[in-house]
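Below are two complexes that have subunit A in common, paired first with subunit B and then with subunit C.
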Partner chain A sequence: MMGEHGIQSWCSISEGRVMLNEQLLHEAPSPDFREVMRSTYKALGIEHAKFHKMDPLSKLAFLTAEVILGEAKRAGSFSQETALVFANHSSCIDSDRKYQQSLDDPGNEWPSPAVFVYTLPNICLGEISIRHQLFTESCFFIAKEFDPATMNRYADPLLQAGIAQQVLCAWVEKNDDHYTSFAYLLDRADPGTARDAMLLKTKKEQ
Partner chain B sequence: MVDVRLSFSNTITALGADVRSVFQALSDGRTGLQKCSGWERLDMPLCFSRIEDSLLQDRYHAAGGEPGKTRLEQMMIASLHDVIQRSGVKLDARTGLIIATTKGNIDALAKASEFPAGRAELVELGEQVVSHFGIPNTPVILSNACVSGLLALVVAKRFIENGTYDHVLVTSGDLLSEFVLSGFNAFQALSAEPCRPYCAHRKGINLGEAVASALVTRDASLFSDDNMRLAGAGSCNDANHISGPSRTGEGLFRSINLAMQEADVTPDDIQLISAHGTATLYNDEMESIAFQRSGLSHVPLHSLKGYFGHCLGAAGLLETLIAAQCLHQGRTIPSAGFAELGVSQPLNVITKAGDAEMHRFIKTASGFGGCNTAVVFERPGA
Partner chain C sequence: MSDLKQELKNKIISQLNLEDVAIEDFEDSTPLFGEGVGLDSIDALELIVMMDKDYGIRLTDPKEGRKVFESVDVMAAYIEEHRTK
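Entry: the complex of A and B
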């Protein structure tokens, strides 16, 4: 099919395990979300003070992007012309609940702007754009389940039109105890060999 | 290149329940903003716009609406119904649906809500709308802060260009809620007086409630008399701050450039800027810099926030529909609340309603997360 682009690399964070291209990059001491975020941040050797202020969804999205874009930087294939196409099921429900609780708490005079700002799912795209200096298109979709076909239908034309050289597509879901992320990097120069078969396989594993 | 048009449309706001009557209200200088002494548990002076309950009930009833829907679902169903009826678009596999919203049914999370908290899920909002119309395709739900309504048109354009759909119905809407009002208040961004975009005396934002919907299509048999060509689009991040506008207007500047490049136009080809203009100090300043860098400082410009307030996810599409009417009716709408320029770069702010022949306008929007979107619209035959 015309206009498909190949997957340069992919990664996931799920059940305490951080995977990069089918290699185990890091395993957290426990699958508890906070522990996974803390230990992954440390294992990746990042210094980004703002990380600690982020809401759970932004942390998950940030680290997922860090794994895959960090690898691209090491390999010399990173492009600042990387667009972000992200999606999930639950939007930023953890921050929505936290903010609503602060509204409902009679002892709380005034809810915090620092919590409110994270009650938008696309904030995580801003965090990633700041970190990697991406002045590119970024889009956050909500879907019932991870659907790479729809993501690719949106990403391919960005590459075809030259709006982006690469597109980072990601499913980043965080709702209470449940978290999972899966990201893959599409490259303009790479013909899309076996892309759909690979995505179908990973979708079943999600 | 596929010729994609913004065709039949509808909006429901404090100023009416269709685009022409809302445009007429603006031409008559009416505003939808009202001053209040509070809202729900917020006990403080506020200024906002809100759809009249009786108007919404009437429109929802006309759409054959069943009981058990939330206010936002009623807004979207009533608005989409009007577009579907007047356009006659078939709701089959070739017709997509995009729902754009920043906070959806967020009021369902409140303890006082008659709906379960699960109704706040945006996926659930999509199912409620789709099941009303029997739309066979899964809706595409877009939540990109305050650029959502405008970005939805860009997404629709791309899905038509790449052959995914022939037609896309877009609906964008957000509620006036305690959740969002209190949040903007926590940012100290709210003005208790009608807002004054770009003015030296501006004190902040007013929030508003609206829904806006449109049919985007490549099928000439479905073009409305007042259709507009989606000539070019750009959407770029500031990569600077998650809640503050860029000091250089970088993302908006890049978005405008991409949109003008794709439309193959120069600043002299554009006769109107329908700007975002929220009337916060930093947003309006950022826009003036981006417009100056883009060579657009001389182009007549308005913000419509002084009529509707900031309608969040609906703002971009609502304001696009009004600008399209400006071009088709040859009338300019002044930027309400403006008295004296209060930004560092020159702007040609429209202060009086008048007649003008206009061929193209550019619509811009910016939002939290550093997102920006710009779209060039062209009047066919111009």
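Entry: the complex of A and C
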């Protein structure tokens, strides 16, 4: 048993492949991050102009959430009472670097406000909350590695106390050319199973 | 003036990352905010930076900025009148 609550669905974006519940949902023409984001956005038929203005971490988190919450909407199990528990290792390092470069440019008196707003990793949670109209708890941990035990320790009380009906837990890592995401949706009504524990163990070891 | 309007449209699209918008998609008179091109408050800050950097125009009054960024038509006219570079 993994704990009090079970995994309703899971998804991942890595090496140009978008997976949903062990099925290939989309494969980008190349594993290049920009190409993966662009082609996945189109393949999912999303119309959200703000997406193109987001920083790389927010794009990755947004599409990851879009896959799994979109599936929940199609299945009729989506709840606006979905909390967000996210984590990664590199925070928003891409945007930090870009902003630092603009600060270091002697000819640039005014660094870009559009870059500055993404110099916090939890901004991606705001983008997801706006998109899906979530008015719930959210947090973003910086950790050495994906640790489902820590995430579940935060998610389970939210579900047990009825603060959230579902919790979307996700590891979204983006640093230069490297990117990977893995998300799973915990449901208050589902008991945890051995299969859930195995899935998380496998993902942690990858 | 029409060259300046074209230049402004190109800059708005590229600097604000409007990947889904083409130059033909908005007229010179289309509102840039709200239901027009759909720019937001962060975009307004980017436009203020662009006015300073590219045309030497410093906008310090937010009310003035709201009027100047009404459309490409209004922006171009304001730049023609106030540009220092």
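Note that in this section the second predicted complex is superposed on the first by the 194 of 206 C-alpha atoms of A that agree within 3 Å, B and C clash if a C-alpha of one lies under 4 Å from a C-alpha of the other, contacts with A are read in each partner's own complex, and residues count from 1 in each chain.
Throughout what follows, a residue touches a chain if its C-beta (ideal position, glycine included) is under 8 Å from a C-beta of that chain, and two chains touch if they have at least 3 such contacts.
Here the structure is a predicted model, which means the values were calculated and not measured.
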Overlaying the two complexes on subunit A, which is it for subunit B and subunit C: clash or fit?
-> fit
Vertex subunit A; arms to subunit B and subunit C (CA centroids, nearest 10 degrees) | 80
Which partner does A:Glu127 contact after superposing on A: first (subunit B), second (subunit C), both, neither?
-> first
First, second, both or neither for A:Ala49, with subunit B first and subunit C second = second
Subunit B versus subunit C as contact partner of A:Val117, first or second or both or neither = both
Give one of first, second, both or neither to describe whether A:Phe140 is in contact with subunit B, with subunit C, with both, or with none.
-> first
Nearest Cα pair across subunit B and subunit C, whole Å | 7
Going through subunit A, the residues touched by subunit B and also by subunit C turn out to be 110, 112-113, 117
For the complex, which residues does subunit C have touching subunit A?
-> 16-21, 38, 40, 42-43, 45-46, 49, 52-53
Can you name the residues of subunit B that touch subunit A in the complex?
-> 41, 102-104, 106, 109-111, 120-123, 126, 138, 140-145, 151, 155, 158-159, 161-162, 164, 178-179, 182-183, 186-187, 234-243, 250-251, 254, 258, 367-371
Quick one: which bits of subunit A touch subunit C in the complex? Just the residue numbers, please.
-> 49-50, 52-53, 108-110, 112-114, 117
Inside the complex, what are the residues of subunit A that reach subunit B?
-> 3, 84, 89-91, 93, 96-97, 99-100, 103-104, 110-113, 116-117, 119-127, 129-130, 132-144, 150, 153-154, 156-157, 163
